[in-house]
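Two complexes, one shared chain (chain A), two partners (chain B, chain C).
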Partner chain A sequence: MIDNGVLIKQGAEARIYIAPFLTRKAIVKERFSKSYRHPILDKKLTARRVTQEARCLYKCRRSGLDTPVVYFVDTENSTIYMEYVEGKTVKDILQEQSDDDEETSRLKNEEIANNIGIALANMHAADVIHGDLTTSNLLCRDLTGSLVVIDFGLSYVSILPEDKAVDLYVLERTFTSTHPNSETMFAPILEIYTKKYKDSGPVISKLEEVRLRGRKRSMVG
Partner chain B sequence: MRHIAIGLEGSANKLGIGIVAHDDVTGKVEILSNIRHTHITPPGTGFLPRDTAAHHREHVLPVLENALREARITIKDINVICFTKGPGMGAPLASVAIVARTLSLLWDKPLVGVNHCIGHIEMGREITGAENPVVLYVSGGNTQVIAYAEKRYRIFGETLDIAVGNCLDRFARVLNLSNDPSPGYNIEQAAKSGKTFIELPYTVKGMDVSFSGILSYIEMIAQDQLASGECTPEDLCFSLQETIFAMLVETTERAMAHIGSKEVLIVGGVGCNLRLQEMMMQMVGQRGGKVFATDERFCIDNGIMIAHAGLLAFRTGFTTKLEESFCTQRFRTDEVYVSWRD
Partner chain C sequence: MQSFSLELYPLSGQIHIALYTNVKNSADLKKRLLSHDQELKYAFIDAKVVLDKFQLLVAVNNAVHYEMYSKLKTHNVHSEIVYNLSPTTNISESLRRFGISDSTSEIIVVKVGGNNVEVKSHLNTLIDGEESSLDVFSRFADRSCIKKYYKISNNINDHEEILNIIIGSLAIKNVN
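Our next item is the complex of A and B:
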């Protein structure tokens, strides 16, 4: 339990609290041990992921990507204290869109796609692989509209186009599986990404390869 | 009105024929018969497509007769003949499909080609009463985390190389475990007396998992450490199960968190593994949800699930024309239009 913390979400990996940190409102992410996992495996995975997450958050921030600021890392208790970002997830934005008229939502989508493309380009230019790029892990900051990438719980550092391509592929699949009506958004994201990230060539060609993986795909055409 | 379907399944080493009845007034599903015959190979070997097809050809008629006798129905009562269109091994699939086609012509009944994975999902939903679960489909040929959205079963995560059951089966061969009743069952029993946890690679890539590296690694250490007495076969079975099941539970949990579901349904042959079910319950318990699993009658490949899923499609007006009744080894879960769900 976190002192004065209010539990806001039980994620798959961690509990997220809002709690004061010194003078600021902070997000506190506490990884909990998984009773289903063997203790040795659990300890290894948890420790590895806490340090990796903190390192990746910091690395991204330093290279100009908008991510929550890391305030404090408590490795003993597998807890990271970070900035509280006021904003909405891209997932919620897309799902709420049914109320908007077509033109408004088209413009909104265009802007979001643009921001996502730039963010991913920055992140991959810093050789950070997010590992769980879904629309629930992308926020739009209320004040500035800036796109914030959150939850680096599965992230790691890699220079391989393969890893970057898998990252993009995970996001693409989120669009097809969770937002069947916004499938078309992924193409513009990729376009901006290609434009803004100068080493995107090998990543894009790897992405083609990654798409063909997975079993039992129809090989026609 | 009562609708009756017969389902023929033979996509891997299990030959199954089942007969199911749907009552569209009461909405009740009644299982009239569920007969299975399994091609079991000697320890240390797997099943080959050609031999498996020969097994199915040899046993299909007696199994069919048994299924009809047990169901106490006449041919006249049957509305539709369902068969597995894919995915699966080519030769075994084709050997069973030809029987379905013959029956269709002989009895003058419509055909419905069924996706094997959809069969598992629909049967699991029917037996357990799970409404809209995240589905973990784990078997010798498939490993997928699935959730339903807008008329399709969408794949959230899957294996990038071999299926989890294939990993277990092949490791059973290394240890020379019996294939009777199944290699996975014997690994499960051996794992119960495993004591030492041996660290193995842990490979989750995004929402996807990979098992081939783990298999190579454990095959390697089995060779070295078993000979030197550093570990026992039981320790290896235990460590393998703990590691790969943790990967499956982790990706399932991420899918649950992502779509906000509280239910998990485990289907497929590996789904009978009680250790996997237990781990899943621990995870879902932490989240305040519920696990649904079935026993070997429905988890392991069977004809009933094909009949059931086929009948659901048939009742919405779907049939497979004779000229389109070919089989396919590659047939993804998300290719099927699910007309029978909202």
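Our next item is the complex of A and C:
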């Protein structure tokens, strides 16, 4: 439990609070233990995931991607303190668009797609795989309009085109399943991604393969 | 001098931060620190490596955290603050770069715990220099030196962005 924090979200892996931290406002992500796991394994897994998340966040930030700044990592309590980003999720933005006329929403979508493409290109160029790319894990910063990638809870470092392709595929599925009118947005995202990421060739060809078989690799043979 | 409290470790008491300029006895202070003089229970930091108050507070928070779990890498919480300002785990290099040298004339002092009036009067007897307002200390920051120590590329010039990278590197320093 975080003192003077306000619980804003509870997931399967962690609780998210907003709390003051050294003169700033912070997001506090506390991973909790799972009673169904063996205690030793549980401790090891949780500790590893906390450090992995913090490291990936920092690695992305250093390579020019806009991610929340990590303020403090408390490995004893499996908690990460990070920057509170004032903004809206891409998911909410897309869902609220029904009020806009067609032309404004088209322009808005174009800009968002452009930003997402650049962000993903930066992230994959740093060999960081997000692991859970959905439109709720992409924010638009209120102040600057910059695209912020959040929740690196499932992220890891990999150089394999396969892993990067699955990352893209997960996002593509989010667009087709939750945003029925915005599935056209994924094509421009890919276009920008291809342009901005110089090693995107193998990733795009892998993506074709992944589309045919789904996220999970075939275990036959 | 300004005092802060750490939300996470209220039991450690207040954190006092002061800036001294035109300091003339830093060589003497350094010698006393090296001989583990018990009177000097302070962190003495070279003002040129500090860009922002938040950077200091993050380092202090880390030091107090490790003290609480008895995981200090250095002798005490105050040397740990200096060590925690550095992004590397090389202790002697960290203390050399972020602590005071014989010629340092602008010093930031951090004290964990204690009463602010007592801290202030004690510091005034210890340090031969002028106490200045904390608001001016980023004026003494040496950007090129900071960029070198934190390995920040030269094309990043925005104050906030430099600070953000510094904070991140301090936060993940011990997570390896």
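Please note the rule applied: the second predicted complex is superposed on the first by the 204 of 221 C-alpha atoms of A that agree within 3 Å, B and C clash if a C-alpha of one lies under 4 Å from a C-alpha of the other, contacts with A are read in each partner's own complex, and residues count from 1 in each chain.
We take it that contacts are C-beta pairs under 8 Å (C-beta built on N, C-alpha and C of every residue); 3 or more make two chains touch, one makes a residue touch a chain.
Here the structure is a predicted model, which is why all the values come from computation and not from measurement.
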{"item": "Which of chain B and chain C A:Val70 touches, first, second, both or neither", "value": "second"}
{"item": "Which of chain B and chain C A:His38 touches, first, second, both or neither", "value": "first"}
{"item": "First, second, both or neither for A:Pro202, with chain B first and chain C second", "value": "neither"}
{"item": "First, second, both or neither for A:Ala54, with chain B first and chain C second", "value": "second"}
{"item": "Greater residue coverage of chain A in the superposed arrangement, chain B or chain C", "value": "B"}
{"item": "Touched partner set for A:Arg213, first chain B, second chain C, both or neither", "value": "first"}
{"item": "First, second, both or neither for A:Gly11, with chain B first and chain C second", "value": "first"}
{"item": "Touched partner set for A:Thr134, first chain B, second chain C, both or neither", "value": "first"}
{"item": "Which of chain B and chain C A:Gly145 touches, first, second, both or neither", "value": "neither"}
{"item": "Set of chain A residues, in rising order, touched by both chain B and chain C", "value": "none"}
{"item": "Touching residues on chain A, where the partner in the complex is chain C", "value": "3-4, 19-24, 50-51, 54-55, 57-58, 61-62, 69-76, 81, 83"}
{"item": "In the complex, chain A residues that touch chain B", "value": "10-13, 32, 34-38, 40-41, 44-45, 131-134, 136, 154, 166-167, 169-170, 173-174, 176-178, 180, 213-219"}
{"item": "Residues of chain C that touch chain A when the two form their complex", "value": "4, 6-8, 53-54, 57-58, 61-62, 65, 69, 164-165, 167-169, 171-172, 174-176"}
{"item": "Chain B - residues contacting chain A, complex", "value": "86-87, 141-142, 147, 149-150, 152, 154-156, 158-160, 163, 197, 199, 202, 204-208, 242-243, 246, 249-250, 253-254, 256-259, 278-280, 282-283, 286-287, 328-332, 335"}
